[in-house]
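Both complexes shown next keep chain A, but they swap its partner, so chain B is in the first and chain C is in the second.
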Partner chain A sequence: MADAPAAGGCSPQQDYPTIDPTSFDVVICGTGLPESVLAAACAAAGKSVLHIDPNPFYGSLFSSLPFPSLPSFLSPSPSPSSASSSSSAAAVDLRRRSMYTEVETTGEAPEPSRRFTVDLVGPRVLYCADEAVDLLIRSGGSHHVEFKSVEGGTLLYWEGGLYPVPDSRKAIFKDTTLQLTEKNLLFRFFKLVQSHIAADAAAAGEGEGEASGKLPDEYLDLPFVEFLKQQRLSPKMRAVVLYAIGMADYDQDGVDSCDGLLSTREAVKTIALYSSSIGRFANAEGAFIYPMYGHGELPQAFCRCAAVKGALYVLRMPATSLLVDEDKKRYVGIRLASGQDIMCQQLIVDPSYEIPSLDMPCTTPVSNSPRKVARGICIISSSVKRDSSNVLVVFPPKSLEEEQVTAVRVLQLSSNLAVCPPGMFMAYLSTPCTDAFTGKKCISKAIDALFTTKASDDLEGHSETTSENNTEGVKPTLLWSCVYLQEITQGTSGTALSCPMPDQNLDYRSILESTKKLFSDICPNEEFLPRNSAPKYADDDSDSSEITR
Partner chain B sequence: MHGRPRRPAKPEDAAAAEAKAAKLRDLQEHVLRNHHSRTYTKEALGLSFKLLEINPEAYTAWNYRKLAFQHNLGELSEPEAVKSAIDDELRVVEVALRQNPKSYGAWYHRKWLLNQKLAPVDFKREFGLLDKLLKMDARNFHGWNYRRFLAGFMGVPEEEELKYTMDKISDNFSNYSAWHNRSILLSNLLIKQSKGFESKQKIFSEEFELVIQALFTDPRDQSGWFYHLWLLAQTSSPENPQLIASWPSNGSNCSLSSLNSICCYSLKEGILPIVLFFNEPVKGLSSSSVRLNSDLVVGKNIQWRPLSVTDSGHSNCWVAYLEVSNLEYNSLQQFSVELKITNTSVHKESNWHLERLSDEIELFRELPDDNSKFAKLTLARLLLACAAIKSRGSSLVERKGYCDEALGFYNDLIHLDPSHKRYYEDERSLVLMDQLTCDMDALKKYFSVKVLSKLAPLNHVQLCRLSLTCIGFAERLLWVQMLDLSHNNLRSIEGLEALQQLVCLNLSNNHISSFTALEPLTKIVSLKVLDLSSNEIGSHPIDTTRYICSSPFSHKVEACEAFEECRKKNINVEEFWDAILFFKHVNLIQLGFKGNAVVDKENFRTLVLTLNPSLKWLDGARVH
Partner chain C sequence: MASRRRMLLKVIILGDSGVGKTSLMNQYVNKKFSNQYKATIGADFLTKEVQIDDRLFTLQIWDTAGQERFQSLGVAFYRGADCCVLVYDVNVTKSFERLNSWREEFLIQASPSDPENFPFVVLGNKIDVDGGNSRTVSEKKAKAWCASKGNIPYFETSAKEGFNVEAAFECIARNAIKNEPEEEIYLPDTIDVGGAGRQQRSSGCEC
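Entry: the complex of A and B
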């Protein structure tokens, strides 16, 4: 965790260190999660790696910031154009752009503000059976991070109220809001999917197995929502399965959102991950875990693994330009803010850098209306669910207003994750969107639905008269909020690789998938973070690794 | 822990097992030697510990440790030393339980130790151990047994234990032990009328609500259905035993032969059986609890005996045989019999039972899982429970509807769940019997008065070709003297013993497969004519009903005489013991037996004739 504020305003170059050697197999600029995982993977594959970051802290776009540093990170002052661009070697200027727009903050920053840590990737969690968890264990990164459960489970916002998501037999049995037939059909559906998953696993393991439990292909090719209708699930149960377990982003009942339509095959995979997550760790409750001190711990953990394997780390080191081999039309190195040129085989930069196209060196690539995600960060005074610390809330499409076409996910975190002082809670919201207006409207509606802006003493006078609040208890009071838009770019390959952005998903699956693809571009014949790449520790026992509650 | 398939043993396992066996044999030998020589040294005890560590089922080793413990205790005076000796034993049990958490010997050893009451029990440690074990396997019934023991030992309020069962059920409702413990605790609390447990209606309604959540969530899980069955029994069974039928019916007249009044065939032999039938098994009927007024001269000491005996001595059906001495043969004299039973309270009709059951029926009809056998079975049971309540209120149309629907469910179940076919067939038979006999209008179709030469007219009932597999509602047939049950599928005739007036019985063309299944007939003193032809007696090499009987060679002096008598005639007593016992206890004049496999066996005919000297006709041919 660093003290200095964010990017841009770095002091002059006199204290820049000189790097020796001046040539590496791989140079990585930016310490976001994909870059850090690549650094660890490349180092484990025996490459020499230089990993630099202009910031004084790890994580880049994936970092967790102390609360006071947030505004300057979201709206950085334009960095001065690189001064030392005159050099003999052919070089093109490297420009950074802000990924964040439409930043809108309300409320007063609560004190002590330094005790709040803010994620840039929120709302985000890891499935217990996630590949990210496997990667952490495989690389030894798990020794540097501690997790806690999202023990309050998931709540679904439905017809103006919050309902627990019945995600297991136990939860279905205990749920008092479900009708008996709903219970029956929902559990029957789960069992159907479970037996398919088991049969699938058996078939994958032995070549042949009990194919009896497998769903026929005609079901798997069906849109998931159609399959759920065939299983006679009620609209509310469909919402539970689609948006709170299947994690669909877009309205599955909408006619025009074909690209966002979840297929049964895809959804079953997510459910398989969900159900294998429940009970993976004896001391974890529910399917999801969250890293203590915030998501910024994850890239840091992978950086440590890379460092153990010999990667060289230099923070507070901006890059100013890329070195070009004019003949071969490829990037061959990087010029640092210190003026030093570093040569390399492979260049990797985080997505906030614009990689100039080599054919048209002076123009930025045409942006073809990138996908966006609207995010919200809130500080609230109490929990949305009584007696629970960390809770996920899902607003299915149309639950906030008729025009709402995307699901909004909310993650509430408590002080037991050391991200805020006791008695306070952080809440992260996100929803994918195409334009700022709809995205931000969705986020604000969700904030209004969950929280109240009234001061607590004001509220006491009114709470007796508002009958809708009496059943659910009093809504948490919103102390501070920040809503903004973030662009999403995919990782691109080329002679300089650009890593993926934090996406709109709740987990890292798709980011890690792209990262793996990038790695296979760099090291086509190497295994991605093989099992034995973890440094040996005296107490190493990765198979029985547990998280703390 | 549960529901995991067993893997076939690998060859290398066999070698390991062999080595383990050799080690065990050696250890066992040592421990037994020490046991016989009463060697209770530290080393000797260590050996027994080693044995139990590997094999907690070595019961002798546990007993040896008990003896050693008692022996060594005599030399200890310090309370500290006693405590450490107990701790050592407790630790041995814990090690053994780690090897096998379901070891009877280990659990018993622990209970035994605590029951010695030599030192204050560390309950925290005991409950800690239990928690650990039930976390490993929440259904370990040894653990639950031990928990009940501890709770009783320590005096934990039953309300608290009830809460514990709820916790476990919330964790995973597939837990027979937790549901079972709940039923026990609730029964106790209701009997004691503890605070909050005064109203059966309230408690059972809440329990129904609870278990239904489990049943609807996963109808394929059996444990909840068992609990539901218990609740159903609690809701539908009457609160107090009632006399529902008697012979002769109260205040009626009887004579040996008369068309107007009831005639009794056995009066010819000077015996008048009085039969009482209760709606639930009762115990300890005696001349002080039943007052009998009759103008017949009877012996002073009337003995009431149960007709079908359970281990606890409870029976639905009781009989007293009055020996009538002052009766002239062929007399037309009539005698009145009056019965009075003390200590039976009047049944209070309350509506909540019926309402609750009707609600349950509506619910299960809504269960979307239409092929759940448990749902169908429960529905059938609920419908019949309703029918039973309705029969008290005599609204027959509704009652018939319930019965018809239940019959439909049983017919479905026979196809749906063939492995329990016989159970469903029996249940279906009971419904059929109920429908056939529920009122005189229904029974009229099957009833006639038969006049046979030389005999008084007999009440004749014919229940043929109805696919009956067992007998039910015998209390409605107490007056029957001639019964035709031929061409059914009867496997059991349990219940017929209540028909103490029976003279002629036709059981031909059924599926009776053993003599032990005929045991009820030996209790009918008046039975003279029996047709057993075309059954399956002797055709099954293994007679399952035989296993239920206690050993025939261990009791009954008169049976021994019969065995002797048969031995003299070169009859294989070991092979025919069940036949000997049967024919010894009936006194028949006419017997039909052809079409049974046992007839072809050597000496069988001799056996029948030897033991039944009064027999005149066998399979239509005159014999004596």
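Entry: the complex of A and C
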């Protein structure tokens, strides 16, 4: 990495290439998922795009890193205060901030450490039927990434044990822990929601449609937890539906948590997505899929699509300042670490850059207390669920301790995703929080509930035998863990757009929603990654070969 | 199971900008050549059915999409390659000298299980230019380098005239087939959301 000594503007400029041309419609800094999707979308809309990244790899805050690179990414050495290359009146320095704080690591790094790939956005999955999948297909990005199922399904931590979430008719039927009345109520509830979803889909298809089966608005406007109570679901079944299927973040029974209260309308949408995800791909089990080699593959897929559409890519190229027009009203370009100035109509930067505010009316919604998410990354020796590779675990609020107001989600991944060597598992945890203490305590408690730590060496001798007869009672051994806090900022618009951060959600829906909004700011009249934007020889009639179907 | 993956061979073409990577692909797959140079736009990969010793394979040839210009190919591009083709321009010494770093870049990024024996093929392109008079890299020099890197097969080609292109790609295909599949992590249950990606569709995937 270019850790140039801050010795008066004499950075090793010979290492940086010169970019030609020097003017683009759009310049994008950072190759996180939102930036990469925007690059693909802008290129597909016919814009000329320059896409740069200071790192030697793709993904920025959405990367999957080789294990040895994680510490320096989470706690970067302070960047040399951008060796102000004759900071003219027409340029303002661009600074980077670290999004990660309170990084705490335990255990020894397992070997061979390069075979572990670490997500920065975990725990995260895609719904088989969600927009991220559609975007991949529409853009042609699906050629560059393959997935596997979270085939072990979802487990709910309830009364000190892990309970397999019954998410289908069959699963409810087979469940041996539920009483008959509980089963009937749950059946009835799902049937009610399913017929609403069907009616809703029919109505959407035809404008006016069958209203029968649709839930009345008075139900849809209810807090979802109230609706579930009306349906007489037991507390355990409510927890299943709220936290393990509806993916609510905050305690829905809490009196003062109006903020995170899930409405029936929202919840039903998530359930609809969940159920349309099941069975979408014949060889997918369950609703969730995970990209082989980690989430960092997704930005790369979109960057490749952008490149195929003509976007120019330059890794290892930091930006040092933003260029401003005469009136200091607009950003009109960017100064690269090479000293070269690139002009553009639109600047887009990843959220690790601080956009200096100009004398212009600020369209940036400034939130006074940034949201945070506490994340954990663990390497463990066996699976939390026997005979399952990839599993989601949900700790509903209050399941770890009385004061716990947020749900904790855990995603366990196996070597079949090529993210770790055989015989090992990765586990990602996250929970939204407002302060470091609460967030990290929650994560730690969840880690303790799921795994055991072998603190001393004298236990090593037993490890062989325990891992072999890994019965239900034996918890996986925690080999290594890292817990940290990440700030969450929203995407903001202006003459320089800032893209959204990886949020606390399990999926990309909200990030892609903001990304779409940013795109409509840049290209108000263009369709966002239209269906026919999958790459083919479009520019040369003689070359109309069949590449994609 | 293994046979399913082996039906499809991923070949990637590396080399400096302007050495003729896209032209070679186009000549081989489409039997076409365009003198007009444009940094690659529009090509993701080309596919061609090949028959080798009575067996049918699909050769999937991946272009760099211009991302090689500033050495900005992502690790995902290199993954799962069965053969790596290194191309240089016999009239540009620099492009020959850069073959070594392209080879090393490939081995680092793709990290094949057996780097010593991973199949490369080297193509010295544009031998037609100026009737060979502007040539700066001799065949001998190129062959010596190939020999020093574990006897990499070497071909001199002209994408423009179609010279030796067919033979080169047949060699590429044969070498790709020989590449033993890595651990069976691709199989049997990867989900290809696009329905027709780098993997042959498994039975009953149409839904």
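By our rule, the second predicted complex is superposed on the first by the 493 of 549 C-alpha atoms of A that agree within 3 Å, B and C clash if a C-alpha of one lies under 4 Å from a C-alpha of the other, contacts with A are read in each partner's own complex, and residues count from 1 in each chain.
We take it that contacts are C-beta pairs under 8 Å (C-beta built on N, C-alpha and C of every residue); 3 or more make two chains touch, one makes a residue touch a chain.
All figures in this text were calculated on a predicted structure; none of them were measured in a lab.
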Chain B or chain C, by number of chain A residues touched: C
Which of chain B and chain C A:Leu312 touches, first, second, both or neither: second
Partner chain(s) touched by A:Arg169 [first = chain B, second = chain C, both, neither]: first
First, second, both or neither for A:Lys183, with chain B first and chain C second: first
Footprint overlap on chain A, comparing chain B with chain C: none
Chain C - residues contacting chain A, complex: 26, 29-30, 32, 34, 38, 41-47, 65-67, 69-72, 74-77, 79, 185-186, 189-199, 202, 204-207
In the complex, chain A residues that touch chain B: 169-170, 172-174, 180-181, 183-185, 187-188, 191, 232
Footprint of chain C on chain A - complex, ascending: 17, 19, 57-58, 128, 133, 136-137, 140, 142-149, 279-284, 289, 292-293, 297, 300-301, 303-305, 307-310, 312-317, 415-416, 418, 535-540, 542-543, 545-549
Chain B residues touching chain A - in the complex, by the definition given at the top: 170-173, 212-214, 216-219, 363, 366-369
